[in-house]
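Worksheet: the structure to be examined is printed underneath.
Order of writing sets the labels: A, B, C, D and E. Residues in every chain begin at 1.
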Amino acid sequence: MAVKIFIAADRLDSVLEKLSTKIDLWIPALLKDDKSGPTGFVQYTPGITPAFDRQTTMPLKKLLLPQEETLLRFKYQKDPEGSLKTTIALDDPKEARPTLVFGARSCDVRALVTLDRVFANGPYVDPYYVQRRKNTLFATLVCGQTDSKCFCSSVGGGPADMEGSHLRIVRLEDGYLVEALSKDAQPLLADLAEAPDKSRDQLAAKLVKEASKRQVGDLDTKDCAPAFRNRFQQNDYWASMVSQCLSCGVCTYVCPTCYCFSITDETRNLEGERLRSWDSCMFYHYTLEASGHNPRPTKLERYRNRVGHKFSYIPERYEGLLGCCGCGRCIRSCPVNIDIRQVVGNLKENSNEQ
Amino acid sequence: MLETDRNQLHKCVEEALPELDMMIGWTRCDPLQTTPVFIRDAKSISSLTLGPFCSQNLAGYLVKPPALDAPPKPDAKPIGICVKGCDSRSLVALIQEKFITRQRVRIFGIPCGGTVDWRKVARHVELGSVKSADVQDRVLVIEDSTTTHRIALEEVLSRKCLGCRHPNPVISDVLIGAEVSPRSTGMETSYRDVDELDAKPLEERLAFWQSELDRCIRCYACRNACPLCVCQDRCIVETREPRWLTQHVGVPEKFLFHFIHAMHLAGRCTGCGECERVCPMDIPVTLIKEKLNKIMEEMLGYSAGLDPEAVPPLLTFNPGETEI
Amino acid sequence: MKRVAYYKGCSLEGLAAEYDRSTRLVCEAFGIELVEIPDWNCCGSTPAHSYDPLLSAALAGRNLAIAADQGCEMVMSPCPGCLKSLKGAQETCEDPKLRKPFVDLVGRDVDGMKTVSLLQLLYEEVGPEALQKAVRRPLTGHTLIPYYGCLLTRPAQKAKFDDPENPVSLDRLLEATGAAVPDFPYKTECCGATYGVTRNDFVGRLSGRILDMAERLGGEAIVVACPLCQQNLDMRQDQINKYRSSAFHLPVPYISQVLGLALGMSPKMLGLDKLCVSPDILLEDRTQDREAQGSAG
Amino acid sequence: MTDSNPRSSAPAEDTAANRQGIKIVGFLCNWCSYGGADTAGVCRFKQPTDLRVVRIPCTGRMDPLFIAKSLIYGVDGVLVSGCHPRDCHYAVGNFYARRRMEAFKAFLPFMGIDTRRFKYTWVSASEGQQWQKVVTEFSEQIHMLGPNPGVELRSGEILKVSSGLK
Amino acid sequence: MRIGVFVCNCGTNIAGTVDTKKVAAEALGFADVVYATNYMYTCSEPGQQEIQRAIAEQGLQGVVVAACSPRMHEPTFRRAVEKAGLNRYMFEMANIREHVSWIGNDREANTSKAIDLVRMAVAKLRFNAPLFSSKMPVNKRLLVIGGGVAGIQAALDCADGGMDVVMVERQQYIGGKMAKLDKTFPTIDCSSCILGPKMVDVAQKENITLYAASEIESISGYIGNFTVEIRKKTTFVNWEACTGCGACMEKCPSKKAADYFNEGLGAARAINIPFPQAIPKKAMIDAAYCRQLNGKKCGVCAKICPVKAIDFEMKDEIVTEKVGAIIVATGYDLFDHAVYGEYGGGRYPDVISGLQYERILSASGPFGGHIRRPSDGKEPKEIVFISCVGSRDASVGRPYCSGICCMYIAKQAILTRDHLPESNSYVFYMDIRSPGKNYDEFVRRAQEEYGVQYIRGRVGKIYRRGERMVVQGADTLLGVQVEVEADLVVLATGVESSLGAGELAEKLRISYDQYGFYMESHPKLRPVETNTAGVYLAGACQGPKDIPSSVAQGSAAASKVQSLFAHDTIETNPQVALVNERNCIACGKCIQVCPFGAIQWKELRGGIKKAEVLASVCQGCGVCNATCPPKAIQLQHATDNQILAEVNELCA
């Protein structure tokens, strides 16, 4: 029997407080003391202001793929005779702690499907990612407020899509109804709050049914992979679509499914660390080769690569899985308001009118 | 009033387009926002628009990659470009530094009554649900699914516009619409925010920048949006040769990144505010450059992007100035 | 109508009354409106600035302040002594260290004011060409000696008028009246100034030398623009004759009187009768015999 | 406080104990100030030991970002010194430097970095005594200011300074 | 990288207050350091051999010596490591003497500072790269600008050294101011007797190409490879044909032409050869006074010229010369005394300048050597000389002493007594400056032997009284005012920079002081060099000086050029800027700020251009490196990485 609880709006803080003692709790919160300012997933500490009402600016990937992660540290010891015989002492990264993400939306969790396919179920398993992934539970909020930029339904998701989530949260007028979907999430709800009464339960179920029927966004992504391949050579198509692009890293850094990273050794005399940090295919240095040649010298090739990676390369490689979760963050944050739906939408038409 | 200006713009562009290589302007892509557009054929001229929602500074497209590595052929036709007051100063700055010649551009100057900062609109209205938005004599009228909101334009203007001294283009071939009286002429209003932060004690200023820059994700949108950051593809912030910065995302690295951006713009920045507008983390980075602009104005009596012949102050010297 | 604040100064109320009267007439004739500074005060002259420079600056500064309140940008003073004090006041007002005490005393700053002598006013605002056109009674046939004295064009940095060592403005103005003006070597030599009272032997030697050179050059009169020089050369001419056992008889009219004469004004109105050495010789009209001899002017 | 006789013992009792590990980086122009420091050494003008000298060809070579990097990453004090204006070996190097240093010095406090930790001055190769005075005074000032906290955000210190921006 | 660290004791200079053993031990603990030792006297012969041995045995790729100031022994150690086969730039010094041991007695603090400095030196060394000076071919030709005595001396010395010399002189004759002199102090040699032969040598030497009546149009290039454009001003006379017979001068109807050579005293003809011994002895037409050239019908000279050399259509001509070095000897001009209203402001004909009086004294002068008054030609009886006219007078912007006036006044006074035994000469002076060999004795002779009346005091006014001039001054020794009635007054006008010195300096890219005199590289140690490589100075263009000093500087500059041209190539200083073309975005800021114009554009395909550094012109100041936003241009041996490495060692 599914375990359900109802958290009244005014008791939310105390519940979160309690929950954070049991497990590392991450919630969407304001990053700046401005109600309409940027938000992101932050580890719960008393005093931060939650921001459940809208999609976060920064994606969930910051938790599973931090912007900067020390893979290993190394230290040379010189033997006294001065010859450079050195030994290297490595230290393994600290163990990942059990974590609960409370308040992510379905598109956030949907993105993990792509990340899992690459980092966990692909030919090379990333130990750092997998360790964090296994230790993280997701309490996903059924999405009530979608806006003109969202299109999760067109990429296989939906406002009520609970794939990969362990708990479901339904936002009611006066509070939140939390229902455990998987067994290992049930102990979490123990003695948190009392079970919901019947009317709220039914209301929640109605809302969930409604949400799962709702179709968000109308982007047609059917066989966009071959369509992309036809457009690949047509430079003027890309020029007409994204000439205004600034080639900055915003769209890739706010995108939940962009996972590219760069590894550098930052050394200082005898010690150093191997650092994994976010990188963006929109940067010139991303594909700059030692010879000075750059296979993607201009922003048009780079944007083409970004679209291709999500709507062509991943689908062809991972049996039709799309590398995009339809959250619309790249559209909202783009300094020049490029809409990826337009670029993908026009892939198919043979004449490329705006 | 906006309507007549827009028609006048369309008419002027139509006349000029045959002589132009292309026309850079804005087009509406969202009730509250515009996107730059590059027009080469007559039929898409109608998509051009102007007004308070046109916030991007288009001057960068003339010089930044890929234009950087494809210098214009001597007989190349000029490029048409729409510029507001602050954007026009960017053009003058580019001419000053010989990135473009005056003949390279056909400038359509548009006196500007201030641009709308969508973040401030978000404080009044749920952005996602906005159906249409328009400005009627200094009032922003927004319809969303349920109600019509009327917000005074003054409430939602971008921060840079509040102290604007150059609403009218300082350089233009064609002027679209009537001139606008500057909101302030003195330094007090245009550097009000700088003075406010300067008045705080040192520790508080450090704490302010630590907390603001802690949010920075080093996405370099501010650098790539800046019309004067022409060397964005070879920026020392990213290169390992020479190695100024590591890939760490600690506060020191972000401090140094913003120091580098500010010092490279010292005496060049025209205060167009793009860096702040594009920051996904809403960090007031233009404030940093405004402080240096204030120093340049106080110390050397110099403002960038006003006189095409002037030499940026840090690229020259005056043996006599012992008093600075 | 050029509006100029007129700072008369004490000597033009007393000994040099004719200088004041002729100045007003000449200025009026050339359309220059002299606005006498109401309730002007003494400039303190040499005693003040030798005692306390701030006092001297404030005394003259007060007059400048009143003139500024009248809305005049230019102040003219025929007496070089007063002019020096006015310029001293301006300089004190611009000195960063002394500005504050000066403004406290005077009540306002005096930036942007222009202080000129009568000679400078006539030379720059009117000029020899305009003067020549306005001449009714040309003084052709007379030889006039221009004498500037020591202060009119000095000190160079403050006066900023004509060449301090070799001025020519007075020469040009006199030539414009038709008179012959020889190159007078002692045009800027000292006349003995205030020593006339204590050591009039100085005046005997210095002013005597000037009168002697003037006579040698065939001068019929020495034209001056400073009441003190006029006093030494004219009033003390007999003392000088006694001291040098010479017999100089040279009238010493003011520049404004000579120009007035050339403009056809009556000698009485110009106060020519007030001069100690009678200037009647200047009144002879020699224009005819000049034409008769047909030689160039 | 510099004593009159330069040859006497070190002015301030600067044993290692009270040094608190203060580190000052000095960017000295090779032709004048580095020579001035040498002259001070040759004349045995006693100075505190916190200064570490980096030799640069000219103050014109001085990119203000070297100072920014030093102060941000925890160097306690930065001293830049070159030839007097008009004496520059390269004629105009210090003219360029003067504007850049002055602008940078005025800019530092705005970012929350204490501008008293940065000083630029002009010392010629013969001014050994002047160099002693500059180093001594600047070292004392940095000691008074103490170690440079840098800009690192102490972990857990979530600072919510409300920005007054409209 | 294998680095060796050598810590020097320098006797007790360093070891006295620094624990050098501990420094060496600590150094061995640094990354990349494979060998560290301390040594008694590292700069000594055995010390250097120790380094060379260690390089060989340990296979060192870089050496750090912690010792004295690099300004002292860097060259020494660089040569030492180079002998051991290591590139001389793979070497760094840590100054632990002048900057550490000598300025504090706290042993522990000094040692920790020394360790820091060694760590910084090692950190920098890791980023050092071998540098090689490139060889630039030298065009062994010399350009001498200015044909005065200094220029002539320099040209002759170099020509004797077998070098091709190009001399450019603005006037139509060489000899400069000295050619106008009658006699020279202190030996009263006849000026044209000692200068004449040298001028003839200049004309006759095959390897000297003389461009008289010519000016420098533009100069480009750098040491060893200057390209000079010379504007040969039109003389309206074909100098190849003209024999200098002077027939045209006699017949020329325009007799009132300005006689520049006689300082405006006499009157010359429109077509003129300034003086009999002129080199080149060729006629030249002064366009301002020639009737034919001013629209009136004439052409007398063309008609009677036996060799038909006159050509009224002749135009200026630009000639290009390629040279390796330039000696500037453009001399001086005299102060225009008309500025002094009290001395008559140039109105009195009998108040003349020293050089005008020199022309009067000269046999080839306007009065054939007889002293006459310019006004009425009478012989003067009383002559007054006034010194320091336009010298030592800040009010006219000439605060400096011109150095030569006291001497030429004494000489002229002596000559006056020779010419007119009954005349009386008076000299108003402030101080007598006679520093040279036999100089003061010469002035003493003027006073005692020739009875010249020296009056110590300034002259207040000169005015005409009747036919004579009254000189009114003071005699400060007697404390009285003095008046002298004189027939002739000679003002010893001071020396100032020659007309147009500023424009020429801009073309040469050398600096000049506020009076227009050119700036020498170092007033005492390098007086004839400038901060611009390959450009040398000689004579009064560098500052007021007399003939002996000018000639000495002429020879000095010549020897500098000869030592430069002694080798076929010039070794360029490898510590120059280098552009990484991949990062250069052609913004041109480096070109704009480079004080030496050492950076130029390099055109690539497709209209792309990049900055390029001229290795031989770049002086290594690094302003471009500090200015370049993408840091594409790096100053070798002082790159960003090297400086940052040193700074990083000090960061927390």
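Details
By our rule, contacts are C-beta pairs under 8 Å (C-beta built on N, C-alpha and C of every residue); 3 or more make two chains touch, one makes a residue touch a chain.
These numbers were taken from a predicted model, which means no experiment stands behind them.
Number of steps on the shortest path from subunit B to subunit E, with steps defined by chain touch: 1.
Touching subunit C and subunit E together: no chain. The chain pair A-E and the chain pair A-B differ in C-beta contact count, and the higher one is A-B. Set against the Cα centre of subunit C, the chain with the most distant centre is A. Separating the CA-averaged centres of subunit D and subunit E is a span of 37 Å.
The mean-CA centres of subunit C and subunit D are about 62 angstrom from one another, to the nearest whole unit. Residue numbers of subunit E whose C-beta contacts span two or more other chains: 582, 593, 627, 640, 644, 648.
Here subunit D touches subunit B in the complex through residues 64-65, 68-69, 72-73, 85-86, 92, 95-96, 98-100, 102-104, 106-107, 109-114, 150-153, 158-161, 163-166, going by the rule given at the top.
Contact residues of subunit B toward subunit E in the complex are 68-71, 73, 97-99, 230-231, 234-236, 239, 241-244, 264, 311, 314-316. The touching residues of subunit E, when paired with subunit C in their complex, are 340-342, 344-345, 347, 461, 463-465, 470. If you check the complex, the residues on subunit E that touch subunit A are 2, 28-36, 582, 648. Against subunit D, the residues of subunit B that register as touching in their complex are 159, 162, 193-194, 196-198, 202-212, 214, 244, 250-252, 255-256, 259-260, 262-263, 266-267, 284, 287-288, 291-292, 295-296, 299-300, 313-314, 317-319, 321-322, 324.
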